[in-house]
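Per-chain residue numbering starts at 1, and chain names A, B, C, D, E, F and G are given in the order in which the chains are listed.
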């Protein structure tokens, strides 16, 4: 993939695929290919969302935890 | 030259002037006795007369001022003795005597002598104030030169003791009248001066006629008084009588008892004065002290105790500290509130919800994806089925069920044989039956319409 | 066949054959030929669909499977 | 870090992050990053406030304590 | 310290600090520093006042006491 | 002390101190010093006055004592 | 005569002192000195008044011409 795969672009791709599939203009072979890609997109998105959810939950749990001396190292 | 040989010639005026100078300088004062004649008293009040004796006559004048002091009125024929100065009146060329004083002969002579002496001594300066010494404030010893008997000495002693009892009074007995009185008094003054123990001399005598007082009018007594280094108080006669001694003395007392009063301060009064001064001292000082005390106390009460200032400052300080801590705590609280607000907002804006929404979207899309795939497939399948069944219905082989059969070549063309002539004997043909097929060999061909 | 045989083109061929057969203008011989071709088309299509369905089922199973239990109820 | 991190700047950063998060214009990835930073900011601010409060309490307690001979040495 | 610390100057410093704090323009860090200095000032002032009061009490007691022969030696 | 302390100079000093204290322009430290000096001045003045009063009483008694010894005989 | 001079001058001094004291222009120290001197003057004057001798004599010359002092009986 040339450009970075982001959640949003993937989700958009998925949406596009769904729309194309629903349009009924695709050949069966195309449909299958699209479907395959759509499934991958869906999988990626869901996995990304799952990871994100876990991360946020962790962060929120962490914020009620111990002192963090230097929390801004990701900005450096 | 002329003046040497020729006689000197005077002018009338010149001569008269020289005569006037000669006369007036030679006889500044003359005593003259004679009989008054040609007396006239014009309106001017002056008195013009001639004084004559057996052999001569001289013009005289007495001016109004002198006349006033005369104890008698001059009359024609009166024999008088007078004192005056000679004067030449140039316009008339006559001379006259201008009387200062005159008296009828007899008493008059004595009086005239008195006046003469008085004038002489005055001219000598014996009466000058500059020679008079002041009396001591409080003499310790007083010499009284007087007759030891009589009222005079008694009066003086009495008054003295009344005024100031603790004083030494020394009586110096003298004759005060008649022959030897002059000498007595003179010597007494000298003696007292010689002793030099007294601080004041009182020369005293009662009143009397001019003759009685002759000693006190004598030049010797006058000079003795003048020479005394001890102050002399003269107390001669009564009130109005003045003697030469009175004039020369350092102080004249009108009466002997007055002399005692003049010489001695009153002891009681002195004591009273001193006590008064003492009290004044105390009062003044105490008043001063009281004033100062009041001043100090007033200042002391105004001396502001800085304690109140300390209290004020304490209150101010407390206020400042309260504001300081209040403000700091307030700021902390405000910061805390703001932080908690934003923190809450952050939590609220956390991507968690978005994640779940996205998840939902994802799942939805997934479902859509599958569904549309499934429906695509389903519709394809149904389309196929439809056509398949249509195809089945249209099958050209359906006639076979009725007993027909179809014969085809067995070559690749599978050409249906509808004309028997197209076949040759021995050709293998395929016969399609309702059920199954037959592979047959052509044996014989028949022409058209012959088969029925 | 010059062009690639696709599901769609095959399906269209089948439809064409059906239409021709219905027209009744064909000779028997043509009809039989068409018919036979139609049957072959139909068979091909069905086989293609079957393969596709299998592939999708596989894909869906792979994508955690639990999302869609059994999408092709026509087989039951 | 180039500039000193202060309570105020951190709080402002937190504010900005909340605003950005609320705007909904961020990508998911950005959101996560921002959220993470926001959490760190919040934590830092809270800790700073806690420390400050403790210090103030200490100072106020101290002010009622003993005599201090030279209290201004931090100004020299 | 360069200049002599007097009660008045310290009180003025405290006042200035309170004014600055109340102006609300300080950062938290500045505030704390100011607060610390302010508390030190307050303490110093209070102690000075205490000492002063004691001295006054002593003076007043002394003034009702015995005669002082040479009371002006502190001026020489 | 350089110059002799007199009652008047002390009183003047006291006056000056009272005026200065009343002016309210002194610092606390100066006030205390001035007050102290003022108290000393006041004390010194009062004591001087007391001593003086006693001295006067003594002198007066003394002067009347002798008088009684030697009464005036002319008054008896 | 020294003594004669002294009574009068002392009395005058006393008068002068009273005047000075009453003028109120003296300092306390001067006042006291003046008062003291005044009291001494007063004392001296009073003593002088008491101590003068009471005597009446007659100054006579005896037969040799020498001076003799006899008591003088003025009351006879």
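The rule is short, and it goes like this: a residue touches a chain if its C-beta (ideal position, glycine included) is under 8 Å from a C-beta of that chain, and two chains touch if they have at least 3 such contacts.
Values in this document were obtained by computation on a predicted structure and should not be read as measured data.
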{"item": "Chain whose Cα centroid lies nearest the overall Cα centroid", "value": "E"}
{"item": "Leading chain pair when contacts are tallied as C-beta pairs", "value": "B-G"}
{"item": "Furthest chain, CA centroid comparison against chain A", "value": "G"}
{"item": "Chain located farthest away, centre of chain F as origin (C-alpha)", "value": "C"}
{"item": "Intercentroid distance (Cα basis), chain E paired with chain D, Å", "value": "34"}
{"item": "Separation of mean Cα positions, chain C and chain B [Å, integer]", "value": "134"}
{"item": "Chain centre separation in whole Å, for chain F relative to chain A (CA means)", "value": "103"}
{"item": "Centre-of-Cα separation between chain E and chain A, whole angstrom", "value": "68"}
{"item": "For chain F, residues contacting two or more additional chains", "value": "7, 28, 32, 35, 39, 42, 49, 52, 56, 60, 63, 72"}
{"item": "Where chain B touches two or more other chains at once, by residue number", "value": "165, 267, 271, 278, 282, 285, 289, 292, 305-306, 310, 313, 321, 325, 328, 335, 350-351, 355, 358, 363, 366, 370, 373, 377, 380"}
{"item": "Those chain pairs that satisfy the touch definition", "value": "A-B, A-C, A-D, B-C, B-D, B-E, B-F, B-G, D-E, E-F, F-G"}
{"item": "Chain B-facing residues of chain A, complex", "value": "7, 11, 14-15, 17-18, 21-22, 24, 26, 28, 31-32, 35, 38-39, 42, 45-46, 49, 52-53, 56-57, 60"}
{"item": "Sites on chain B touched by chain A in the complex", "value": "347, 350-352, 355-356, 358-359, 361-363, 365-366, 368-370, 372-373, 376-377, 380"}
{"item": "List of chain E residues in touch with chain F within their complex", "value": "6-8, 48, 52, 55-56, 59, 62-63, 67-68, 70-76"}
{"item": "Touching residues on chain B, where the partner in the complex is chain C", "value": "363, 366-367, 370-371, 373-374, 377-378, 380-381, 383-384, 387-388, 390-391, 394-397, 406, 408, 414-416"}
{"item": "Chain F - residues contacting chain E, complex", "value": "1-2, 5, 27-29, 32-33, 35-37, 39-44, 47"}
